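Shared chain: chain A. Partners: chain B in the first complex, chain C in the second.
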Partner chain A sequence: MLALAITNGLVIGMIYALTALGVSLVVGIMNVVNFAHGEFYILAGYFSYIFAHTMGFDPFAAMFIAVCAVFLFGVLVEYTIIRPTYGDELYSLILTFILSIVLQNAYLLIFGPYPNKPPNWVSGATNVFGLFYYGNQRLAALAAGVAVIVLFFAMLKMTWFGRMIRATSQDREMAELNGINTKRLNMLSFGLGCALAGAAGVILAPVFPVTPTAGVPLALTAFVCVVLGGMGSMRGCIVGGLILGLVENLGAAYVSTGYKHVFMFIILILVLLVRPSGLFGRSEA
Partner chain B sequence: MNRNKWLLSAAILAFALLPLGLGTYHQHILIVSLFYVMMAASWNLLAGYTGQVSFGHAAFAGIGAYASGILATKAGFNPWLGVMAGTMLATAFGFLVGLLCLKMGGIYLSLTTLAFSSILHIVINNEYEITRGTMGLQVPGLVAEYSKISYFYIFLVATLLVLGVIYRMVHANMGLNFRAVQNDERAAASLGVNVVRVRVMAFTVSSAMAGLAGALYGHYLLLVTPQIPSLDQQFLVLSMTVIGGLGSFVGPIIGAISLEILSEYIRAYGEYHVLFFGLVALTVARFAPKGLVGIYQSARERRMQAVAKTSPAVNR
Partner chain C sequence: MKKCRMLICLMLATVGTVLLLGPALAADTIKVGVVGPRTGGAAATGKAFEEGIQLATEYVNAKGGVLGKKLEVVFEDTAGAPDKAASGFERLVTRDKVVMVLGESHSSAALAEIEVANRLKVPFVVVEAWADPITAKNYKYVFRAGPSNSGVVNESIAKWVAHEGFKKAYIVAENTDWGIGIADLCKAALDTIGVEYGFLMTERTSQDLYTELNKIKAFNPDVVLAFVYGTGLHYLVAQAGEVGLTPKAAVLDGAGPPSLWPDFWTNVGDYGDGATFVSSMHEKVELTELAAQFRESYVKAFGKSPTDYKSRSMFDAVLIAADAINRAGSTDADILVDALEKTELLVTRGTARFGTTKGGPEYHHWMPPMLIIQWQNKEQVVLYPPDAATGKLKR
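Coming up: the complex of A and B.
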């Protein structure tokens, strides 16, 4: 029971971390909290379902195309909606909140209220350390999530683009003085943030089928995760995501299933009371 | 000034006499409009005047509605006492959430209120023995004999009360403080404005108003469902304010009434009216961030300028 809850917690926590990374990236660079983040996650799930199920693509090709499509959609959203809001936190909050409701209702209109599930990558279950049987699809999701996170951090640390991202989130003006086109960087990193949500979406959709409103709780968790880890801190996201995943699943196993989502809000409130800048946050002057 | 007062009284009187000549369906629309006027105006007090975008406003209405409904059905309270208790509970929660967020800026408040509204939903759905979950809780009415007209006047009095308090607040010294906090928190603080107190105060008052509106609304519908504290409801209140004009006194009133009437007309198209609203709100928020009031003001300014250009004798 304990080992199963921990494994579940790790799988879910990794997905939380992946989703939160996208939020954190956008917060760090643009100081915009994207309230429609969960809807990008859902969109990727729907795309991979359409490409793999309806159009008969290979599931992996379908996933790749889905993430690319979500990236492009994110770039488009930045260009049309987010761009005029720079420097005005309230304005971007309101716009992305409206966007999230619009997208939810658009999904309802297009895909209907039924859950949609892209095909599994693998079938069967594995006996984990002789303790319990665990679905192979979930294990594969865990591996894929870890791979995406590692790739993302490698990009952040080793490439020129990653260096631009780090520079801009540290000091925007300095980065501009050094010749970084921050406008274009905004556009690309907003797209990248959405693509990270999309990656989480295609990885998790075979395990948890997508519905029009399924993105809301996930986005909320991602926000809690970002606050817990510290606004704009990438490392914080990973630690925060794993903590939330573990707390949620241990709480569900030992305290109450119906209230499993409340535990993370209790954590949020505690963080806000004790250390508002989060675990790895830079405290604001 | 005097002329304005006369005009205002005439407008209120005309509005008060309006339902007498209408059928019950149109009376219903007026009552729901008044509910949204209260919600949008009090949300505007928070978002438009102090710059705190709360996503938990509908949740506070839900607290008022559920508290009043549960007290009336389970504890046999008089519904009026229930409304009072519901308003007080919403006030208390508003104060606590306001305190929790007082150290942090805009984004934290939005996240915390969203989380608060989410917790409320989980509690309502899990405690279905008390709240009846999505089935909805049947509650008694406020008047012995159910009639739309009496509800209309109850809502009208409550709305005038809410609007009066808001008007007083934003036009008194406190309103100046509110705006100062919104425009530049640090500058306001340096000039001796107690930023934290202003924020918590605005949050508490607006939560109380949402609680009152929600409690009355529940007793009007006779059924309290999770629809009252839902995100969709929150979204409607937000769009009404944004479309009407964020940060202006009349904006939310215009937005709430016109959008409620509009939504009754497009209800024929099924569930998609939320999508339609969303697209309208997105367009307005993106291209005219000050809403209808802002459009009107800039049009008037342009006309003034045109007049000034054509007749240089008028020194305006």
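Coming up: the complex of A and C.
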């Protein structure tokens, strides 16, 4: 049971981390808490389902198109809804909350209440070291999730765009003085944050089929990850996600399965008591 | 100026006409309210209810309506949340002036609604909320024309477990009023028939059930009695296959509809074959002539066969309500309660007849017959009760 709890904890933790990265990016650069993050995740799942299942595209092509579509939708949302609210975080918070409700109801109207699942990439399960069986689709999702995270960090560290993101998240004014068009960067970063949610959505939809409201608990976990890791810290997101995944699974294995998500809040409270800015957060001067 | 005065006169005349004719127009119908989840995690039930309402109102109105007027149904969304359910119920009574309320599929929402029904003295016929306390509270205005936890467990599940000769069972229940209530009844029933069992509770919103399922697998049960509703059931069936719990152990969906949803096979793949579920409806077997008529009308109206049995449960409830109003000859709440108590109506699931003995959940309750069905090569095979069985359990 211990081996399974740890393996599953790492897999689920990686999923949480991937979902939370987009939230962290948007918080770090724009200081905007996107309450509709879960709905972008769901939208990508639906797109991937439509392109692959209904329109008969190759599943991987369907996933790629779905993520691009969500990126563009994110850019549009930033341009129309978020941009007018810069300078007042409360407005963007309320607006994204409203957007979340509108999108949930739109999904219900368009896609119906039943769960939708894009095709699996692989089928069956693998016997892990003779200890337990583990679904092949989950293992594939883990590999894809790790690849996306690695690519994202490489982009952040090794590209000019990544350098602009890091500079702006450290000091917006100084970045502007150095010629960075922060308005355009905001737009692209918001789109990228949504695309990260979308990437998580297309990777996970074959494992956890999407429904109109399935993004709500996922977004909540992503926010917990971000707060636990430290607002705006990408490294914190990964560590936070892994801790949550492990705590949940070990708690379910050895304490109770009925309160799995309670463990995550207990850990969050304990960490915030000791480090109010989160594990990797910058404390206020 | 003259034109302006004429326009104002015209507007006043229009408003006056609407105000005068409004009550008269409204009086042409008798309104019955429906509560249920049209949004939220169980919105599929709301869709099934809508289908049942549409077919039932057409049926009732084609036969002359109620008290010589058309029957009109007003549907209030509860989203499965007790606070929304209570306020939605109150709105139906105070704003829409409904004479009776039907519906609900979430026990926690229904438990909030029965308090409002009792306070406002409005007859309420619960359709698909199974928790025993709904009728066990013995409220005068509360009825149930559908399954209850104790009815399903004692009449179907426990008897089926004994019938199949299972030695070890595992109960897995979501942490809701329905899940906790039915799990407790299951434990008591398994104790009575001497079947060893294990139990664990899951969170209603849990997507990942690997740890839970491996715990169950370690117990090595013959059957898993799953009281998990909605998409959670799809996760459970698919993941039980992945971790190797099935097909050695049979999995019973203790609610039913999720195993019949259109995307069941897409979501669970081949792991769905061999899954069993509780249902009041079979794809081919019909209990009454009205059930066959319902199927025919359903296919005609929606271009597909009925799958979620809750559409038919709602159909029956509307017919029961219309029958009670017609027999009462009045919309007075107390006279309606009296008429409901004397109900003896053949509907799609048999003859509806409410219990009148106080003291337990049987009071004001009609328990329709339930079947235990297994998917075998994507065909529904009835396993229990024996007199309705069309095949044997396959593993």
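Quick notes on this structure:
Heads up, the rule we're going with is that the second predicted complex is superposed on the first by the 285 of 285 C-alpha atoms of A that agree within 3 Å, B and C clash if a C-alpha of one lies under 4 Å from a C-alpha of the other, contacts with A are read in each partner's own complex, and residues count from 1 in each chain.
Just so we're on the same page, a residue touches a chain if its C-beta (ideal position, glycine included) is under 8 Å from a C-beta of that chain, and two chains touch if they have at least 3 such contacts.
Note that this is a predicted model, so its numbers are computed, not measured.
After superposition onto chain A, the modelled positions of chain B and chain C overlap sterically.
Contact with neither chain B nor chain C is seen for A:161 once the two complexes are overlaid on the shared chain.
When the two complexes are overlaid on their common chain A, residue A:261 makes contact with chain B and with chain C alike. By the touch criterion defined above, A:133 reaches chain C but does not reach chain B. Of the two partner chains, neither chain B nor chain C is touched by A:153.
Touch criterion not met for A:121: it reaches neither chain B nor chain C. When the two complexes are overlaid on their common chain A, residue A:212 makes contact with chain C while staying clear of chain B.
Legend: residue contacts after superposition of the two complexes on their common chain; A:57 is shown touching neither chain B nor chain C.
Contacts of A:84 after superposition: chain B is touched, whereas chain C is not reached.
Remark: of the candidate stretches 45-53, 207-215 or 225-233 in chain B, the one overlapping chain C after superposition on chain A is 225-233. Contacts of chain A with chain B, set against its contacts with chain C after fitting on chain A, overlap at residues 105, 108, 217, 258-259, 261.
Chain B contributes residues 47, 51, 53, 55, 100-101, 103-108, 110-112, 114-116, 118-119, 122-123, 125-126, 231-232, 235, 238-239, 242, 246, 271-272, 274-275, 278-279, 281-282, 285-286, 289 to its touches with chain A in the complex. By the touch criterion stated above, chain C contacts chain A in their complex at residues 39-44, 46-47, 175, 200-203, 205-208, 210-212, 214-215, 218, 231, 234-235, 239, 241-244, 261-263, 266-267, 269. For chain A in complex with chain C, the touching residues are 1, 4-5, 8, 12, 53, 104-105, 108, 112-117, 120, 123, 125, 132-135, 138, 208-209, 211-214, 217, 249, 252-253, 256-261. Residues 27, 33, 35, 80-81, 84, 89-91, 93-95, 97-99, 101-102, 105-106, 108-109, 216-217, 220, 223-224, 227, 231, 258-259, 261-262, 265, 268-269, 272-273, 276 of chain A are the ones that touch chain B when the two sit in their complex.
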